[in-house]
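Next up, some structures in structure tokens.
Note that chain A is present in both complexes that follow, paired respectively with chain B and with chain C.
What follows is the complex of A and B.
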């Protein structure tokens, strides 16, 4: 009997003033003792809701509307809070998404350990020395003991996440649910935490359900991977099978969005379209509208999750193949996906063209006054580069390395303390307020977070027509017409459908397109894109990268692409600069920097990229139980 | 430690600015109070007799000398608590007049403010703890409804029902004609009788802001990841509600409460007028309508200082209660 058995579980949101949403629909899976199971899916697919349901943490208006959850032989589907309490944390613990916020801000770290020891005296042991035990736990996640006396706001994001992990392991649980535990953390920090997690699991032997949208990480860490789409499981396979022998077209699409930036030829696929609206009922396969290989039957017949390959899959094409007795083949190999973006070596702008923007020996030092003493912090030191028309320069570095400061100097928000930023013949650092206004017409920004970059109370047409009216002096009618053209340019067509929409009516990818359209409005020569895809779902990232690539080619824009993601840098950039602690440590053509990285920091970044299929750092890859349970097909 | 020092410095600087403005503003106003008094006494049509003006000046003790000496004298008098004589209550000094009235206000309003805060916070926390239940609906809807009623209307209704119709309590004043102020049981019970209706009217409307504020803050806190994690940790419900909900939700209300206490001195005009209560609010109204400058000036100064001190205390308290503030300020 498995440790956790979830049978036909459904969760329904019933908000007071809108339609019911079936966020989780008939999900069945199990987690064996000590097994590491990954749950993969895009935002809104119901994976976190499923996680909360398993932990029995759902709050109104969400509620379990069917099925059973059996943990360690005990049905906890209907258990009351009082019945659950002795089980919680002792047997089932969790690390939440964005642990930035999962520690109580007004009590010390020690108290957060102390209160869970106090709540579970039996399991923790009576008369336990809180400082001693909590100290050990912190050391286990490579944190010094004095973190106990600190408040959460005094810790960095990575440290908080380690505390959360130590906390989750405090009572030696049998099962830990990890919900996007490293999302939002720096790649290098993420790598360290995941490695430590793998080691600890090896040591302590707890089972894990690892929820994430990051395919590379999930596949690398997990024994077995569940793929979720539209509230349903669509595939369940051992991790290595997910990489090489995945069956469902959606999995193929997700797989396609991953590639190793060091490869000779790099291409990524994306899945056009949007996830289904779960407040309406659907007849056929939920994925059919986005599926590149769908047939007529997919529109009308809802597939079941049936044994296929070394696990299970929910796809009619796979079902038929199995029924015909032919080996379950991939329903859609990556090359059948029509939406593919490949890193193209074909030249865009000339590498020796006349630069449009030159940064020469620029540095920025901030003065920080604390009490009476003032110290200076050097954010950027002696950085030089040039942006040329039709070319993309990637700026890579971890958070705090000075990437954003450089962007601010280029856009004229900050003045460099040393060196110059020159646009043509103008010295950007010396521009006054009025001149800066004019300058901004030529240099525009695309922000990281498309959710906060648009005024939620204004329509798309308004957002795009502001720069048109301010910078180009267009009248109201003209601006609206131009806004429509721009929307078509960024692939939102027909534009009339989007002009009067408010930001919340658009998906993340659509919003980012609007932000890009707004940046293009004033016909800038330079575009600074600050992590434009890091907040987007994996399956549409490549789509935005392709759009940026097209704009650079068609409009001859010079782009500074800021990122910590080497794959997108490889796909998009002609040259790469690596920044570490404010200094440029590497600078050269993309292929050279990525394939022959010399700087230790660049190597660290490369090493931090997950390698699906490679042996895990914690030990040898163990065979998933599903492999044993399902008879292998010839 | 730096946080507390900085706050103290801030407080001293603002206090000095307030005191100085209180000195400057009357001197920047056009007109001579002495002339104004004489012309009021004699009637507008007649010319002002300079000797009369001089006499009034002597009487009032109008300052002379340069502005700087005046300022220096003013600060000295302030330190000794000497605000001059009240015109209206001549020959009592302003300090005596205010001291008498302050006791009434501080006892009535102070006690009801504290009770309002405690009641409001508890009800708000209870509603948040049982959010989306019937208890929550009753508390939230009830307080929203009462909040829409004008305060003076509630006060008048109370007088009509309990003082005029039922005659349980007197309809106004601080004490009855039969008792004289002093340390006697009779006087205290009489004063208590008189304070019931004003206190009740303050207690009906007082907690509403705290209820709504506390409930909304705490519902938000309980929806945070750390509260969810506390549930996942299997902590007892009460511990979650108190440490992960109320403890954080109360923070903004602490500042609000301190400021409310500080503004007691100036903010009770309405209730004291309706109930004809011998407190500071009524005194303020009187001083304004009688052009009693020394009294007015002293009352304004007291109000300002009250708010400043309250703010200062709130800041210090906030520093103790919320570790985040100490740090953010330092950064």
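What follows is the complex of A and C.
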């Protein structure tokens, strides 16, 4: 018998003001003892709801509306809170998506461990030495013991996430639910945590349900992968089968988002459209509207999750193939999707064109005063580069390497302490307040987080019309008309449908398009994009990259693309600069920097890129389509 | 508006964000006939009771001439009579109908509550938001003002101001209350804007060329609507109480009929000695009722700003 058996589980949100939403619909799966199961899907597919349901953590208005959850032979579907309490953390534990917030900010790390041990005395053992055990646990997740004395705000995001992981493993649970445990962390930190997690599982042998929208990471870690779409499981296969013999077109779409940036020819695909609205009932296959290989029957006939390949799949095409005795393989290969973005597909601005913005020997030193002592921190040192019309320069570096400081100097938010930033003949560092406002007509910013970059109480039309009215002096009517045109430009059409929407009515990708439209409104010459895709689902990232690429080419904009994702840098950028501790360590044409990476950090970044199917040191997978094998890392 | 559901949004944005409150209200207000904020208020049992009570007071105050059998200043009845069929709550020592005065008094209390509440909220908004947004020297100066407003004992200041003011009247009472009651609200709003001013959308507004005042009042203020409403309810409630207090002490406007002046006159007219309990108790009861209704509504406003408090 499996450790966790979920049978026909449904979860329904019943808010008082609006229609019911079936977020999870008839999901059946099991997790064996010690098994690592990945749960994949885009935002809004019901993954987290399913995870919370399994832990019985659902809160109103969500409730389990059908099915059973059996954990370790016990039916916990209806168990009361008192019955669940001894079970939680002892047998079932979890690391939440934002563990940054799951640590109590007013007590030390040691106290958090002590609380956990005190709440479960039987499991922890009476008279346990908290310092000793908590210290061991911290060492287990590669943290020094002195972290015990610290408060959560004194730790970095990655350290907090490790503490959360150590806490989750504190009572040696049989099952751990990981809900996007590394989202929002630096890719290199993410990689370190996941590697450590894999090692720990070897040692301790707990079972894991790993929720993520990032197929690359899931496939590398998991034994078996469940793919979820619109509240239903659409595919269930062993991890290597998901990579090479995936059956469902949706899985194929997710797979398309990956490529090796070192390849001669790099292209990634995305899945156009949005997940279905689950408050309405659907006939036929939920994925049909976005499916590149859908046939007429898909519109009317709802497929069942049936055995196929080495697992199960929910697709009519697969069902027929199985029935005909044809090997059900690759019902939808990636190249059938019409949404593909290839690097270097079309010509860009000239490499030796007249630069529009020149950064010359710029440096920034911050003075930090703490307790009467004044120390200076060098954020950026002697950085020089130029931005040219119609070309993209990528700025790569880990958190704290000075990327954002450079962006702030270019946009005039900070003044360089040494060197100059020149826009044409203006010295950006010497602009006064009023002049700066004028300067911003020419230099605009695309934000990282589309969820905070738009005012939640203001409509799309308002957001886009502000720069039009302020910088271009348009009247109210003209501004609205122009805002509509801009929305069409960024692919939100018909524009009339979006103008009066509030940000929360849009998906992440749509919001980022609005943010881009706003940045374009004042017809800037320079665009600074600060990790514009890192908060988006992997499946739609290529869509935004393609949009940025088109805008740069069509409008001759000079773009500084800040990222730590080398794949998107490869797709978008003409040249790449690598920043490490405020100094530029590599600078050159994209292909050169990526294929002949010299700096250890660049190599680490390359190694951190998930690439399902490619051979990875330590991974026992078959050779993938990558032409250049991953070089052995130091 | 298209039929796009807002439910997935509600389901996916798990992280509690106070800004969502305003959004929920704006959103529901756009799509339905009944404004969204009202739906949330009405759903809360305590708040519903408060709204009904307040509506009752407003209706009575507006329709005062229709409700009352006599004018409030008509003094040709018997002096200091007890409750009777003709005079439900008796008559005053000057021969006026107590019930009529009570009804007209509601007008004064509501006007003072609303006007003084709005005034002190506006002062608190301007000072608090400017201080919190600009920081630096401006913040130092304005914060000093706020602190001053907080530490100066309010009651003696009010008494001094109203006692020495060259003019008397309801306007003076309102101004005195507003001037002495804004500081606390300003402090809260300053704290809130300090957390909101670093949001990306504020930076975006700067890049869009918006000026400081526009950013404060068009970008940030709408995101703290519920806080502003709570602040207003608090100051209105305080103002009603303060007006009654000042009038009871005889520092109000003797020409205005208010519950405070009624209490003052009842006390001066020896209501207790003559056994006219109704004259003494009635203004106190309605005053308590009005203040209670505001307090109850505040429960609902809390639910508006904090989705976790919404009763399911």
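As a convention for this text, the second predicted complex is superposed on the first by the 609 of 634 C-alpha atoms of A that agree within 3 Å, B and C clash if a C-alpha of one lies under 4 Å from a C-alpha of the other, contacts with A are read in each partner's own complex, and residues count from 1 in each chain.
What we mean here is this: contacts are C-beta pairs under 8 Å (C-beta built on N, C-alpha and C of every residue); 3 or more make two chains touch, one makes a residue touch a chain.
If you're wondering where the values come from, they're calculated on a predicted model, not measured in any experiment.
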So, on chain A, is it clash or fit between chain B and chain C? clash
When the two structures are overlaid on chain A, which partner does A:154 contact: first (chain B), second (chain C), both, or neither? first
One more residue to check, A:539. First (chain B), second (chain C), both or neither? neither
Under the stated touch criterion, which partner chain does A:279 make contact with: chain B (first), chain C (second), both, or neither? second
According to the stated criteria, A:60 is in contact with first (chain B), second (chain C), both, or neither; which is it? both
Just chain B (first), just chain C (second), both, or neither: which does A:602 touch? neither
Could you figure out whether chain B or chain C reaches more residues of chain A? C
Classify the contacts of A:453 with the two partner chains as first (chain B alone), second (chain C alone), both, or neither. second
First (chain B), second (chain C), both or neither: which does A:106 touch? first
Chain A contact set shared between chain B and chain C covers 60, 98, 101
Could you list, by residue number, the parts of chain A that touch chain C in their complex? 13, 15-19, 21, 23, 43-44, 48-49, 60-62, 98, 101, 275, 277-280, 411, 437, 440-441, 444-445, 447-449, 452-458, 463, 466-467, 470-471, 497, 500-502, 504-505, 515, 518-519, 521-522
Contact set on chain C toward chain A in their complex: 1-2, 4-15, 19-20, 22-23, 26-28, 36, 39, 43, 199-201, 203-210, 218-219, 222-223, 225, 312
If you look only at chain B, which of its residues touch chain A in the complex? 2, 132, 223-226, 228-237, 239, 243-244, 247-248, 251, 321-324, 327-328, 330-331
Under the touch definition given earlier, write down the residues of chain A that touch chain B in their complex. 55, 57, 59-60, 81, 84-90, 92-94, 96-99, 101-107, 115-116, 119-120, 151, 153-154, 164, 167, 370-371
